[in-house]
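In this document, chain identifiers A, B, C and D correspond to the written order of the chains, with residue numbering beginning at 1 in each.
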Amino acid sequence: MTDIDFQRILEGIAAEIRPVLAEGRVADYIPALARVPRDRFGMALSTVDGRAFAVGDADARFSIQSISKVFTLTLALQAAGGRLWERVGREPSGNPFNSLVQLEYEHGIPRNPFINAGALVVLDCIMDGTDDPAASILAFARAAAGAPDVDFDEEVAASEAAWGFRNRALANFLKSYGNLRHDADAVLDVYFRHCALALSCRELAQAFLHLANGGRSPATGVAVTSPRQTKRINALMLTCGLYDAVGNFAYRVGMAGKSGVGGGIVAVVPGAFSVCVWSPALDASGNSLAGTLALELLTTRTGISIF
Amino acid sequence: MTDIDFQRILEGIAAEIRPVLAEGRVADYIPALARVPRDRFGMALSTVDGRAFAVGDADARFSIQSISKVFTLTLALQAAGGRLWERVGREPSGNPFNSLVQLEYEHGIPRNPFINAGALVVLDCIMDGTDDPAASILAFARAAAGAPDVDFDEEVAASEAAWGFRNRALANFLKSYGNLRHDADAVLDVYFRHCALALSCRELAQAFLHLANGGRSPATGVAVTSPRQTKRINALMLTCGLYDAVGNFAYRVGMAGKSGVGGGIVAVVPGAFSVCVWSPALDASGNSLAGTLALELLTTRTGISIF
Amino acid sequence: MTDIDFQRILEGIAAEIRPVLAEGRVADYIPALARVPRDRFGMALSTVDGRAFAVGDADARFSIQSISKVFTLTLALQAAGGRLWERVGREPSGNPFNSLVQLEYEHGIPRNPFINAGALVVLDCIMDGTDDPAASILAFARAAAGAPDVDFDEEVAASEAAWGFRNRALANFLKSYGNLRHDADAVLDVYFRHCALALSCRELAQAFLHLANGGRSPATGVAVTSPRQTKRINALMLTCGLYDAVGNFAYRVGMAGKSGVGGGIVAVVPGAFSVCVWSPALDASGNSLAGTLALELLTTRTGISIF
Amino acid sequence: MTDIDFQRILEGIAAEIRPVLAEGRVADYIPALARVPRDRFGMALSTVDGRAFAVGDADARFSIQSISKVFTLTLALQAAGGRLWERVGREPSGNPFNSLVQLEYEHGIPRNPFINAGALVVLDCIMDGTDDPAASILAFARAAAGAPDVDFDEEVAASEAAWGFRNRALANFLKSYGNLRHDADAVLDVYFRHCALALSCRELAQAFLHLANGGRSPATGVAVTSPRQTKRINALMLTCGLYDAVGNFAYRVGMAGKSGVGGGIVAVVPGAFSVCVWSPALDASGNSLAGTLALELLTTRTGISIF
């Protein structure tokens, strides 16, 4: 891997995807997301042997949205361990991320921790062990990213709360099945805030690097997750991390990844590198259109993927 | 019809259904319903030519629950007319009364006004034209029943509100589709209260008699509904009034009816009579078990049904 | 009812629906149906007191398609009685007539005898008691219609068989659940033929008149069905007879009816009359568009409906 | 990897899983599968550097069932290339392998090539380019396994055909959507036969080894698949290869794999090895119960997985 010129590859990708930035649709369900210019594009890559590369708007912070679900899943696995799986499944859903249908057919057990209903249950687990779950999530994100000024975007959080009827429906639906222990409004409050974390590509690549390195952060030497947890989080990202386009992403890209409607995608190849790409316009599945293409080019040009 | 000895028939039915009162299951999702003794049974019948008959606990008030949806549908048809059908369908649902599945497949348009989601939309319509929808509903029920002391059971309403997570989910889900104009909590507040109306069999038979008489109350001479509205409300009761057992009820009983989980069923045969039966234990579909049997015996013994 | 001038009403309706004949879509899945001119319209009405009225193409024979399911249901109820309901439900489906979805969710028990899967089970029941089910059905149709030359349209039957992949899927699906005793191809052969019965409006009104008269044919005096069977068949038509538009039909028309994709609709008002209307162009639910409107005008102008 | 004592690890696994052979349920839908003794267990592993290891019944041939879908997918990709994806998706289904539900919701486009409906479309593609598709499949399997006497088990094929009502339903359903070009019975005939291929663990590990080696068979030096096809087939196996337990398999095992109801599972770790395990008793998802456990132990003990 040391013979690969990652910087040149990233620059080639940035040039090649430029025309694609005109395609797709920027998320517009809240004003703070809708006003992000569609021509933004950033990409950052960190290798397990300690090198880092970046291109474009790689230092601009954006709303990471569902990417934060990997942070909370990690916290919940550390807190609840295998008991988490009594309350949430780990199968791809085959349905949109905020669907209530499968939840009803499966009696209140969300299909996996990355659909919205599953993320609410994950937060509920975290809340068992802390009085200030938002602070715990923030502390984790700051430490993982090595960026002590990472914070929630309170405007985004407030907008999410104001327009979050579907998530409010999900939380009350979970509550009706007894699969939410804490007050629905309290869980939702944390949910809306943790979706509003703002990080840059460079920070996110750093924050996910331990997942490419058996759980240990090359930068700090700290074991963020155990080898077993690492393998499992990667498996969950690969099978459930890209909404209802996981098969397509595995087929085209071949990395374990997690996307957010803010246009970010973080992905890892175990033993090799973590990478984050950001471009706000989305494809029909809600994943960054140019971002997916950039990652596909990356695996094609480096010849590195998990398959 | 004047040759039928309704009183004797009701007494025969009351005797025959007695063993059945041990079967079925009393609704237990809130304490106020759970503690109603399962051996209660009442039945009252009012003919369009002004006679009234009753047997058993026909004067005991019970929680009418979903039966109140006929009152609110009537108010909404009077207020919004045909515009109501832009926001709610009129087909049987083929699904449980509180399912979110069909609502998602049909993009927020409830199948009919008698499933919970449809009833929430109906209330939302009523709220367009009044500042105090609960008072309007109460006034309608009192006038129809000819009983000025009819009221909400506030204990039941409070319990419904405390355990109404599924309905809270439905209201927020409707809101996410833009099919609820008023604040979800405000609509839910009216919803939980109107389910908690308490009336007796005798009062309900009276309150529905105009539907057997072309819309005009034989007691007061007042046209509660137009002939066309009357026909349509009856049609909706027949095709949608018995949760997901409308086909079975039409097959066995052959009247247009509406049931509630408090164990009441009101039914009408146009041109003949209205009848209300109450027995708290329910069958698997959520309809009064002994009540359905009593109505089946009634149509068999009188030879009167709509088919 | 004797004071109603049915002939004039039918003529008025025929004039009023004329512009509507340009709307809707003629079934085109087989050539024999596709080539029927969309401007055909016939209507025939028979009263229980022995009068008959007709207008337009009331004597033209057309492909009755699913209307024949009432004939086979009658034969199966006579042969199997209540045991039929162990193998088929009697609830409206809330799904298209040829859907496989509900059949899978409900483990091979069709929702009702009028959806295609239910009709296949009904035929399977009939085949238990006869070596020549097609002959039995034909004999029943001829006797009911009082028309000994009624026959299958073999061209239509052959086309149905050639393009009946969905029905072939349904039959094999039922077989996989053990809910078809006879060979799938044998059941399908009868199915495709019985859909291809050709009768006129006048013949169909006659063939259904006993259902408006407690089961007894006014013409022959023969009790075709018992009073109880009559009531039940009418109930099934009202709750399940119009594909997924039963609620709308009950709301607008208010009769128990059965439609076919050939453009025919037969309906009855117990105690009053049977009526058949035919116009080949269909609405989105697969029911005759002008036919539904004609029946709505009939109940409005006569003031006679079951509600 | 050369420092791992694979033989000792396999022997340890064989000993450890022994008690588990009493659990699960042997497929019994056809006699030929039902009579396989539940205590059979075999495992074989082939490394990309040319070594091979085996334990237990690794040379006993068994019915590979759905594992053969990887052979046909490979043939179809070689024949049709990307055009295949116009007729079949590549997302996990979230539903049982033989469900008709999703097929109806998605208008006849199967979710992926490994559910039964998808495999039928794959066969239909292969049939475009050959008059004897069964011979082509057999030739491919023989060459890949390096075993010229591999053959269909005609008894199994005949049983599958006799009891294959669900597959017959699927084929006719696809036909109704126009997504099957050839005669349904002809496609089904190939389908039933290709499920009846009989190979041993050792042969299957060999037959899949090219997928762990960038597409090139280490034994013959032949490029069976291109690097890109290889990566894509592995991605499809990982996201869709284990019925509706792909997430669980990725989480516990972490290999790209394909299972069959005969109790076989083949899996690969790109760059490392292919492995086949066989044990006939299945878990609730239809995957070999002891086989899944054996593969989980393998990744745990070797420390080798794709995550």
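Here are some notes:
Convention: contacts are C-beta pairs under 8 Å (C-beta built on N, C-alpha and C of every residue); 3 or more make two chains touch, one makes a residue touch a chain.
Keep in mind that this is a model prediction, so the values were computed, not measured.
Chains that touch both chain B and chain D are the following: A, C.
Following the contact convention of this document, no chain is adjacent to both chain B and chain C. Chain centres were defined as the mean of their Cα atoms; on that basis the chain farthest from chain A turns out to be C. Counted by C-beta pairs in contact, the busier of C-D and A-D is A-D. The distance from the centre of chain A to the centre of chain C, with each centre set as the mean of the Cα atoms, comes to 55 Å.
Chain centres here are Cα means. That of chain C falls 48 Å from that of chain D. Centre-to-centre, using mean CA coordinates, chain A is 32 Å away from chain D. Shared contact sites, meaning residues of chain A that touch two or more other chains, are absent. Within the complex formed with chain C, the residues of chain B that make contact are 89-95, 102, 111-112, 230-232, 234-236, 238-240, 244-248, 250-251, 254, 256, 270, 305-307. In the complex of the two chains, the chain C residues touching chain D come out as 99-101, 103-105, 165-166, 168-173, 175-176, 184.
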